[in-house]
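You will see subunit A twice below: alongside subunit B first, and alongside subunit C after that.
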Partner chain A sequence: MVENRPWANVFAHLMLIGGVALVVFPVYIAIVASTQAPGDLLRGSLPMWPGSHGWENYKAMWSTGLSRAGAPPAGQMLWNSFVMAMAITVGKLSISLLSAFAIVYFRFRFRMFFFWLIFITLMLPVEVRIIPTYQVVADLSMLNSFAGLSIPLIASATATFLFRQFFMTVPEEMLEAARVDGAGPLKFFKDILMPLSITNIAALFVIMFIYGWNQYLWPLLITTDPDYYTIVMGIQRMTSEENPQWHLIMAAVVLAALPPVLVILFMQRLFVKGLTETEK
Partner chain B sequence: MQTKRMTFPGHWLPYALLAPQVIITLIFFIWPAGQAMYQSLLREDAFGLKTTFVGLENFARLFRDGAYLNSLSVTAVFAIGTTLLSMSVALLLASTVNRMIRSRSTYTTLLVWPYAIAPAIAGVLWWFIFHPSIGVIPYVLDMVGYDWNHRTSGADAMLLVVFAAAWKQISYNFLFFLAGLQSIPQSLIEAAAIDGASPFKRFWTIVFPLLTPTTFFLMVVNVVYAMFDTFGIIHATTEGGPSQATNTLVYKVYSDGFVGLNLGSSAAQSVILMAIVVALTIVQFRYIERRVNY
Partner chain C sequence: MASITLEGLKKTYGGNVDAVKGIDLSIEDGEFVVLVGPSGCGKSTLLRMVAGLESITQGTLKIGDRVVNRLEPAERDIAMVFQNYALYPHMTVYNNLAYGLKNRKFNREQIEARVQTAARMLEITDFLQRKPRQLSGGQRQRVAMGRALVRDPAAFLLDEPLSNLDAKLRVQMRVEIKQLQRRLKTTSLYVTHDQLEAMTLGDRLVVLNGGQIEQVGTPMEIYARPASMFVAGFIGSPAMNMLPLDYLHVQGSGALLHDLPENTDTVGIRPDDMLLQAPDSPHFTVEATLVLFEAAGAESHLYVQLADSEQPTVIRTSGQPPVSEGDTLTLHIAREAIHPFNSASGKRTGG
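Let's look at the complex of A and B:
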């Protein structure tokens, strides 16, 4: 900073530590609660330090779940979440790469029409058209299936736009050189365009994975079979019970939050890149 | 819209490449959106046996309906509260982190991860902290004489969902504010310091005005977030209650359609929401175009 004021630095650090504490606080409470014995939470005041029942709570949640509340084991719900998140991510990335490639590297009739058709999806989040979309999925008998969980969510204007912008910055000479050497469109796409886009793909992968993992309304509507419950929606089933088992629910909350948080912590650079670019 | 100077020849290939995305868009976006618009003009009787065409009657009813008008104002309070709280905390943290040199990346890491937490999970976390009988904060509030109960008090319930929504959004706002702050030339701030401007004066007369584009962008993004991405927070916690105090527009589309089975009204509400999204998207795009010239 401009001046050297030691007390200001101390104050700034204190404020940041306060900010971090505020951000960590709810999760800390969840971790504390998830390590208590069943009755400990109902005594009126929550203990401030982790208890000694963590292992058994997590084990119970992981392998048996809360069957009384109709929630399957967390291990299985985590797997369902993972499959759904991966299907959404890979699906979004592949169809967006292909359509961005078509829009940038070809001239064909109705190009603008298709471009706007894709563009419109940017404006229609699933929350505002839930009932008709539900009807379509029900008519296609895709309820209670991974296809129904993922396919309706994989059309993404954001990713198509990002790849279009990126392809536009790829030098013209690349294409000219490739064509002189006799490469066809698919070879050019696979051997030149894809390697060049790898960082963009990775950055978007992080953002889309978190988006997919955190889906809530959609799985809630189209899964009635506990075999397809995802962890994020499964937790709601547990809390809406008469006497919620908070120590187990909090264990499930920690398990549900862990994978996307780890993704952000370990891929922070890609995450920041993806976040700032998808919003441009 | 431009393409490359040189393109590939192809008669069917570009269509084949576009096909997956276009088919999914048509089936799961365009068709349902069209259906919503069509259904918004119909009314079903209580048993779903007969539908009649009622024109704009569903819309007219909505704007005469006290519950819908209440939902509009609830959404406005919720969106403004979430945006203000989350953005001010994030700006405070970002401008403090920005003065750090060695510890900047550590603090950034510690502040960004809540972005990964699903809205529904954030809701459950805060619901638990504020739980009237076993929560930590009501326990503390009780000592100062405030009886917190979000099951009976609408104001408490609103505060709860605002806290949960704002908490999750801090990391996003923080990252964008930090990026904005780092693009402000240090020389401007040094020049002001030489002229004797205090840190607070420098912030309000130099830094904050130069952050306006970021602030405006974040305002739009936060309002969109609060309006559309917070369904999980409401559904996993208050479920719109107590007595409609947290029944936002998006939640009401769901509850009227799936729980109340009033399809015509729910579809009309969907159409109004779509109009709001389109308006906000246009605002956002127009603004981004201007930011380029800034």
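Let's look at the complex of A and C:
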């Protein structure tokens, strides 16, 4: 703040605290709910303070799940979600890095055509192409498999586009210096372009991971085998039961929220570092 | 180390922009050649063709006895220093120097030894573990030089390596580059648009204009006998004064001018050669009014208006002559200080 007016300060803080409270409240309720005894949440009033059944609830959810609702143990589903999200993230990042590299640094025929082709697919989210995609995946017998869960979601025009924009800001002399230094295209990519893009990679990693983690419709469609259920669709299944076990469901919700948070915390170090070390 | 031979080298961009229009030049082993010329004359393009960063439209380029037209930069055994240094920002200075060696499969001890030697030569040993962004402009410049040195290449190619430095540092680095090149005896091709840098650094200068060579020679040859009006105006500061021959005929004593080559119609006179005191040798005298007096320490620049002429004219004298603006001066021009040109062709006439 330029001016030092105490009331403005107090006001700003009140607004901030209000905003944070608004966002945190549902999370708090979920945590509270996940620590109650089985019947507590069905009595109509929502408790405001954590109960004493947290450990049991989480243990039950983690290792046995809600078999009556057709949901495998949360541990299993978390793992499935993690594998899918990682496969999507790593796949998206590698493919988009490589295709951006090709588009920016190689002068091949129809280069701009390919760029626009990729760019146009931006307009087609999974939901739009879901039926043909399902058909293809079914024909390749990839239903109920990690490949089926992740591969159709890997192509990413957004990331390709962002990396292209970033690569175009890297001074051309960098490539020339590397060529004089005896680095071929792949060496240049690995030794120079990748390290320079690390901030962008970290940021996109977070975005892509959360995108993969939150996939709902696609896993719901192509998995019928509980071994491949992901946590997000699993939670949905649990709630659609006649007598939803809310204390356990909330435990699953809290568990499901943890990995994205961890990924953000871990990656944050990288992109904060990247931002403070802005180097050109 | 090797010679570099350019035979009829041409570069055409995008089908119709002729950036380099046929250059023949041979650079001897160990020679320091400076390419100099105004902005846009094709210096960088020519240098980059030698480096292999720009394709050669026509002609032959040899480094040593090898024709290298189609070789990648790395295979030409050259090292390049870029105007903006192009250091790898994410690598330490050490790794910046070592990168080219690693790619050439040198082993760890060899790399260590070479990097240390180069670092000592350039006095950057203290910064080896820093990243480029933690260095000043001058230090970055040294690192850029170091990256070229460690490789011990057949030739150094430098594209305006000093133009991002302040004036003082530029002079210092200029001297260091010269000494370094003397010591290493590596064939060097250096691009600059700064004629002072060109004069002081080069064993030979190549003056380029519009993609063509205007003149090749040692700095003193070019200064003493510029081959064209363009070179005369470009080399030397302040630039050479140009006067129509008729003017001297009328104003001065025409008798001294009968032995000038036949088609001479313009004469050039360096600012230093317009004297306030009469020399002993045969000379002309012209009258002029002092318009502006510019004291520059050890020397002074006098901007004068010649009698009955519109031609802007500058005189350089050492020290500070006792004249003031508005004075009428008598200028003495020695006969031998006259450079004869033909204005239609722009070339020097006769010998």
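Here, the second predicted complex is superposed on the first by the 248 of 280 C-alpha atoms of A that agree within 3 Å, B and C clash if a C-alpha of one lies under 4 Å from a C-alpha of the other, contacts with A are read in each partner's own complex, and residues count from 1 in each chain.
Following the convention adopted for this analysis, a contact is a pair of C-beta atoms (placed from the backbone, for glycine too) under 8 Å apart; a residue touches a chain by one contact, two chains touch by 3 or more.
Because the structure is a prediction, the values reported are computed rather than measured.
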### Task
Determine, under the contact definition given at the top, whether A:Glu176 touches first (subunit B), second (subunit C), both, or neither.
both
### Message
Just checking: does A:Ile118 make contact with subunit B only, subunit C only, both, or neither of them? Give me first, second, both or neither.
### Response
first
### Task
Could you tell me if A:Ile210 is touching subunit B, subunit C, both of them or neither one (first, second, both, neither)?
first
### Message
According to the stated criteria, A:Ile192 is in contact with first (subunit B), second (subunit C), both, or neither; which is it?
### Response
second
### Query
Which holds for A:Pro260: it touches subunit B only (first), subunit C only (second), both, or neither?
first
### Query
On subunit A, which partner's contacts cover more residues, subunit B's or subunit C's?
B
### Query
Which parts of subunit A are in contact with subunit B and also with subunit C?
176, 179, 279-280
### Query
Of all residues in subunit A, which touch subunit C in the complex?
171, 173-174, 176-183, 187, 191-192, 195-196, 198, 277, 279-280
#### Entry: Sites on subunit C touched by subunit A in the complex
51-53, 72-74, 78-80, 82, 84, 86-90, 99-100, 103-104, 131-133, 147
### Message
Per the contact definition, I'd like the list of subunit A residues that touch subunit B in the complex.
### Response
1-3, 8-9, 12-13, 15-16, 19-20, 22-27, 29-30, 33, 41-42, 44-46, 94-96, 98-99, 101-108, 111-112, 114-115, 117-118, 120-125, 127-133, 135-137, 151-152, 154-155, 160, 168, 172, 175-176, 179, 184-185, 188, 210, 213-217, 220-221, 232-233, 235-236, 239, 246, 249-250, 253, 256-257, 260-261, 263-265, 268, 271-272, 275-276, 279-280
### Task
Mind listing the subunit B positions that touch subunit A in their complex?
1-8, 10-11, 13-15, 17-18, 20-22, 24-33, 35-36, 39, 89, 92-93, 96-97, 99-100, 103, 107-122, 124-129, 133-136, 139, 167, 170-172, 175-176, 179, 189-190, 193, 199, 217, 221, 228-229, 231-232, 235-236, 250, 253-254, 257-258, 263, 266-267, 270, 273-274, 277-278, 281, 288
